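My questions will all concern the structure given below.
All chains are identified by letter, namely A, B, C, D, E, F, G and H, in their written order; residue positions are counted from 1 within each chain.
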Amino acid sequence: MIVVRFAGYGGQGLLTAGLILADAAAVFDKKKVIQTQSYGAEARGGASRSDVIISDEDIVFPKPDHLDILVAMNQLSVDKYSSALAEEGTLIADATFVTTITFPDFYSIPFTEIARERLGREIVANVVALGALVELKGVVSKKAAAGALEQRIPQGALDVNRKALEAGFKAARTAASARDKAVADYDIV
Amino acid sequence: MVIKEIINVRGKHLGYFEAWCKACGICIALCPKQVFDTGTDGKPIVARPQDCINCGTCEIMCPDFAIGWFEDPLHDEELKEAHKRSTEDEWAKNK
Amino acid sequence: MEKPRELNPSELMHEYLRQKKKFPHIWCSGCGIGTTMGAVIRAIAECEVDRDRVVMVSGIGCSSRMPTYVDFNTLHTTHGRPIAFATGIKLARPELEVIVITGDGDVAAIGGNHLIHACRRNINLTVVCINNSIYGMTGGQASPTTPQGKIASTARYGDFERAFDLCDLTAGAGAAFVARGAVYYARQLKKLVMQAFRKKGFAFVEVVSQCPVYYGRFNKFKSPVEMLYWQRDNTVNVKAAAKTKPEDLEGKLLTGVLADHDYPEFTELYDKLIADLAAGEK
Amino acid sequence: MVLMQGNEAIARGALDAGVRFFAGYPITPSTEIVEIMSVELPKVGGKFLQMEDEIASLAAVIGASLTGLKAMTATSGPGFSLMQENLGYAYMTEVPCLVVNVMRGGPSTGLPTHPSQGDVMQARWGTHGDHPAIVLAPSSVLDCYVLTVRAINLAERFRMPVILLPDEVVAHMREDVTLPDKVDVVDREAPHVPPEWYYAYDDSTTDVAPLAPFGTGFRFHVTGLTHDRAGFATTVPAEIDRAVRNLKRKMDRFRLEIIQVERVHLADAEVVVAAYGICARSAEAAVLQARAQGYRAGFVNMKTIWPFCFKLVERVAESAKAIIVPEMNLGQLVREFDRAVCGRTQVVPISRVDGEAITPRQILDVIAELARPGGKD
Amino acid sequence: MVLMQGNEAIARGALDAGVRFFAGYPITPSTEIVEIMSVELPKVGGKFLQMEDEIASLAAVIGASLTGLKAMTATSGPGFSLMQENLGYAYMTEVPCLVVNVMRGGPSTGLPTHPSQGDVMQARWGTHGDHPAIVLAPSSVLDCYVLTVRAINLAERFRMPVILLPDEVVAHMREDVTLPDKVDVVDREAPHVPPEWYYAYDDSTTDVAPLAPFGTGFRFHVTGLTHDRAGFATTVPAEIDRAVRNLKRKMDRFRLEIIQVERVHLADAEVVVAAYGICARSAEAAVLQARAQGYRAGFVNMKTIWPFCFKLVERVAESAKAIIVPEMNLGQLVREFDRAVCGRTQVVPISRVDGEAITPRQILDVIAELARPGGKD
Amino acid sequence: MEKPRELNPSELMHEYLRQKKKFPHIWCSGCGIGTTMGAVIRAIAECEVDRDRVVMVSGIGCSSRMPTYVDFNTLHTTHGRPIAFATGIKLARPELEVIVITGDGDVAAIGGNHLIHACRRNINLTVVCINNSIYGMTGGQASPTTPQGKIASTARYGDFERAFDLCDLTAGAGAAFVARGAVYYARQLKKLVMQAFRKKGFAFVEVVSQCPVYYGRFNKFKSPVEMLYWQRDNTVNVKAAAKTKPEDLEGKLLTGVLADHDYPEFTELYDKLIADLAAGEK
Amino acid sequence: MVIKEIINVRGKHLGYFEAWCKACGICIALCPKQVFDTGTDGKPIVARPQDCINCGTCEIMCPDFAIGWFEDPLHDEELKEAHKRSTEDEWAKNK
Amino acid sequence: MIVVRFAGYGGQGLLTAGLILADAAAVFDKKKVIQTQSYGAEARGGASRSDVIISDEDIVFPKPDHLDILVAMNQLSVDKYSSALAEEGTLIADATFVTTITFPDFYSIPFTEIARERLGREIVANVVALGALVELKGVVSKKAAAGALEQRIPQGALDVNRKALEAGFKAARTAASARDKAVADYDIV
């Protein structure tokens, strides 16, 4: 069982990212899935989050007491939810907005910047982040992620989203190898 | 920065509280003198303060009480404090 | 008319906003409610009423969240019922100035009955209805003022129902004072609210407002600013209208004071009865 | 001594307890209350409003109460159902008021002019969400007067709506009564602090958080959203928990002060009849006759039906061999007896739902079945 | 397999069960049901109405049902309170319909986006007068679908309103579900007699009195007044008695058919956790963990909360040494456990009212306190 | 217009009244409701609609007891809600002819909101409001149509509140058809009900009626007949009014058809949507 | 007597159902030809049937369906029966 | 304890008669009194009744299972309520409308006729009946009855009502002596 949380501002597309991930796991990877999210005023302007639990077995209780992966799209989310991460958890942060991270295992990738600069649509930062998540943690298969994307995203926006997913994969590979290197460096020291 | 520096125009002082601004673009679009440019975050940049005619449109139209022309410079510590504090609040993160 | 005391922004914030903890407010970027709140506060301030005597009452909805932010006696009631609560307050203590802030859903959907009865009863209340033609709070469902054919989350095929003209409705119900303003005309709006506030009797002010997040998005408005321009282009001041050709008024909303009558006010009649009974005259 | 109708006594009690605001919508069998208040209130400088419906009536009452006036409304089943949403608002915002529900036959329009006791559970559970309730049931015209005064006092003291629940028989019958010369009147507690320090929902230094009237300089916020001490909406779990539990806590603390029960012949009673409203009259008559016939019968008149007199019933369960609970419904308050008695003695409900009052004979027959007269056996 | 939200599953279940009429008024957290129905109903030739309020919504639903369409509405606490009067009308007139109340925090406006189970007693007792109630509580997205179908079937079968009572967690969460290929659908019984012989409230020859749709030649009368077999108002005591008791009688007769409960590990359970809605999920998780830790724990998921599974609890009380009842309220359904258990075993409520769901850990801690693991001790 | 089939009294009794057990009816001597019932039945009969297709819906009140007596599909609902029930019936089965019988208290006090929304929604219903300016059923309390100053059991000092003009109210709310009749003019009333019944869209008919037992007694009318004469002397037909001097119309009630518009009807729009969706056109 | 005898006027038959009549006096007052006198009980007495012009006013105005002009004499046993029965009912005692 | 029922049509003033009797007993004679009556539609057009219980001791249950005296203003009331009379009860009927009486102990006096013919106001038949009741059965003192009348009846109508009460007393005396005579006659036979 793996618990993923997307968190950020309302409007950053986190609910969509959560839904694509959940769809990918349930419909394409045939896993057991539960997805929950923040609702109401909270979701409208302020902080927003979407949690996805993926498991091979039935998920009995839908509100886990820890997170395995936190995808944080702003500083607030990092501050607020890092403590909910399991000890072996991983934090994936949008470097565009997040400046301070205290959690040990993390990746910091500028999703929004990538979306804005390389894809010309800031709005797809969520899918870039999703791509990175999939690449880094393999929570669902890439095929499943792509398939779920096709289903959820309206025709007109599909192209840029496909590119965003790929960009996410790629950025993650870069980040991972950079970190491997850093960790290696550290080991040497 | 919570409160943008005060810019003196025709003897009045522009207060812009970034922490309250939600980047709606209304002040930018409705200013009759194009005093503002749009920042990359959609928020106003006070680009041409010298053109301001003090018409009050930005102040009266801003839905967030985030901009206004004051008689005196903002010496108001309490208000500053309030704005600072609100950034610590979750709501401050509204966009 | 006396020269009104213009409120400067620092006074506004210090004296009228509960700004210390409550801001930034809950409303979305570009929402017309905030601008309306400014106009209402400025109107009350310029009427020079002691804050302690002002009671702001609202129902449930985005617009009805206004009382949270203003430093009056504030009452956030149940959905659709603010006018009924306000009626109790006003009759109990006629010396209080009672203003109701409500939305099109709150006052015209679930609360329509209290609205028309207050018009009829002519109790001295000021009702400001922020009409964004949608239920904002619950996520963009059709409201009784959603224009026929427009899209909402419960009217994906276009709304079948005709919209209320809230000013016709309140006038038909016998309101003493009826006015329509728009967020785009925030200055005029302030004046209309002042007139309403000063009116002895039941006063209704409709504010044509924008909900960019739901109504705007569903109906292809690109930005809050575009919605403000729509307001500008689809309203005509009632005085100007008198000089306009009928065909040019087609589909336009009239703004300004649309009805203004002098009827005996309920609490005054009531106080007179009490006095008469005390004097043994009934 | 005067001849007075139950509804009239309620109106009189309300006026004497200091009620100065009434908003209502007429409905049989509570209409007399509305009518009398419309005539009498202006004579004492009070305000009467006939509203467009029951929802608006309770709304106006809550509004008026927030300005500091003692306020009330009166209705019957259908109107009481409509009031449930705003009743919950009054619980949540802790605004004192009195709601009189004269019970007629239900459900729905039912039997407008026939008595019932079908709204007992509704009076406790009718609105959504957890909340406490104080519900009083008069069984005589004098009770109508006295319990109305008491209900208003409790409302003001505990800062909450209180429900008076007469049945149609009690509300409509006329009886000779001698009203007390003077009644104790409780006024709500005023804030002890200046406005800057005032928190409308802070009861840390008083039994109940004091409520400042609107217009007296306190400028506080009232909302039906779950709120913090200051009255502003909160979503912080600890504050939510406090808010919800607090409503009930103040009542639990003063349970003994609230519960009022009349006991007759309990000491040696083998069979106890516990009743309220008009059934308490039938029960009393039956028990007196039973005693006359040599049965060891006792009698409890539950003038407070909610909170339920749990402790008393537990005690009775220890000694009595049966408790008879006659109700003009299909068995509502008897459920609480089940809980309190917990199998220790027999609980025997008597239900009547044909629009007529339970007679002493019906009860006497059950007593006779359950107890054996002193002499024989 | 699809990923589906609880509210979505309710809408889908309703459509599959044959609902062709929906009238509602949006309210968090049930809005998705209204929205989905507005899109889907016209696609299958059904009718959707957004009404001016909840009172009108239920009124329109009852009206539509009288023409023979399967009809429903959906709301949450405040709206459910407003529906109480017309809900009583539906009970009284015996008109089938489904009312979904997605529970959020109360009382009053409370916590629109936080879960609670605060409306359990209201769902049973919210309207005035005596009446029966069938209330179902789903604890998964699949349940949302299945119990919606069941609720509609029960409504049509027993000619009464049925209430579906999900909490916000269950209504809002998305889960992978595999919907059944085919569902059993019950259609209401049509009259077996020609119009001249038809009595809309005569169940002397059938389980339940058949209901003729308006417009099919039967021209009968429907009223919320207490009525005779033909549907006309009556004040004859015997007819009143029959009318009131009959509402409940049909339900009592078919109690076993109505009550549905899921049991896990009950056989040898020392401690039984009985729960419904999202708490049933916590309970199940806790019991599974407890078993893994060697505790003899068992679990009951009450999918039907009203009528209450009295007999089952009585049986459990014989064998278990404690029954834990976790609820997201201050203790509502646990009152029925008190009555059924009647002192024979310990009933331990767990209450949580801070807007968060009860966690498996909370329950597990209580289990651990009450039971001793198999090995030790 | 075709020559209507006049209903003879024996047909009326046999075909339209549930006379076998239900008569004499509950209404007091001289009450206007019975006469209105006659007019309504005659109107429906002359419209030649199959009784099986007629649904009569009412709320609670003396007037709302009418469905007890007529041999249609009849529904006596809750106080104030008949229009909402009727809306459900009509949308569910547009082929049914749905007529709502209600009182001034039922439709304009507690039920005011459903009334104005039905006007707006324009669903094909006929609403007949028997306006006796009082709550008859509960013993003569003031209603929203009790004229200011008149006596009622809750307005012993004279009613303070202004009365609704129900026709202004419904017109302001956008009703497609609005008419006013009076019991005194029972023949005209029948025709107005016929017109309303035939109207495709929401039709409202106010019937000025008399409650001799409460309104009459409180306000010093000596007999039902005197109340009928009051109706005669205080109403003006809208056609005649056009030719009357305004000062002579002061305080008079207009009778006849006061509004008649053609708006798209709700159930038709809905059926069209269903057809379009079925044809894949949406 | 429940149903007053039928009186033939211009080929029509007057049916007056005393059991349903509540003595409101409307038919008496509004008959343009003063066909009715008032009985001591307030109910109409058909005093001048020959004056009747068959205008239908009494029939259409009677709130109680207690009077009317029929094409044929009342041979209707069922109706008579109904009226008779209703007198046994409590409501029949309305005045 | 004595239980009196006034019964007749709505409009015959029975509720008023009941109230005057109850007032007389409670306020003037200082007895314990309970008065109940029919309500609603029933009272508006149809049958109407008012019950008065008068007692020296507290009246516990307000709905007695028998009547001591029935004052019946129409035939329907006689038919309906005679059976509720106690064995030693008395029926007092308005001879104007009542034709058939099966109960043994009865007085039949034309109250309405007296009111109409002798007092010119049919409406005061109720007070005539009340007078007769008082005279015949002494349930309250005559002074009390007169006093209560003054209180309940509006100024304008007092005169005719006073006369009606007296007429009731008188009619009762006549009826009583006639009956005494009849009974005496019977004894002789």
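Criterion: a residue touches a chain if its C-beta (ideal position, glycine included) is under 8 Å from a C-beta of that chain, and two chains touch if they have at least 3 such contacts.
For clarity, every value in this text was computed on a predicted model and none was experimentally measured.
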- Message: Hopping along touching chains only, can you work out the least number of steps from subunit E to subunit G?
- Response: 2
- Note on the structure: Note to self: most contacts are between D-E
- Rounded to the nearest Å, the gap between Cα centres of subunit B and subunit E is 53
- Note on the structure: Chain centres from averaged Cα atoms put subunit G and subunit H apart, in whole Å, by 34
- Task: Return the distance between the CA-based centres of subunit C and subunit D, expressed in whole Å.
- Result: 39
- Task: Could you give the separation in Å between the centres of subunit A and subunit G, each centre being the mean of its C-alpha atoms?
- Result: 86
- Message: Among all residues of subunit H, which ones touch two or more of the remaining chains?
- Response: 41-42, 45
- Please set out, as single numbers or ranges, the residues of subunit C touching at least two other chains. 21, 26-29, 60, 78, 109-110, 112-113, 117, 137, 144, 157, 270, 273, 277
- Multi-partner residues in subunit D (2 or more other chains touched) are 28, 42, 52-53, 55, 78, 85, 89, 108-109, 112, 223-225, 235
- Touching residues (chain side subunit A, partner subunit E) in the complex: 19, 22-23, 25-27, 30-42, 59-63, 65
- Query: Where on subunit F does subunit G make contact in their complex?
  - Reply: 8-10, 12-14, 17, 19-21, 23-35, 38-39, 42, 183, 186-187, 190, 212, 223-225, 228
- The subunit D residues in contact with subunit F across the complex are 25-28, 31, 34-35, 38-39, 42, 48, 50, 52-54, 78, 108-109
- Message: Please output the residues of subunit F touching subunit E within their complex, sorted ascending.
- Response: 18, 21-22, 51-53, 55, 57, 60, 67-68, 71-78, 81, 84-89, 91-93, 95-96, 113-114, 117, 270, 273-274, 277-278
- Task: Quick one: which bits of subunit C touch subunit F in the complex? Just the residue numbers, please.
- Result: 109-113, 116-117, 120-122, 144, 157, 160-165, 168-174, 263-264, 266, 269-270, 273, 277, 282
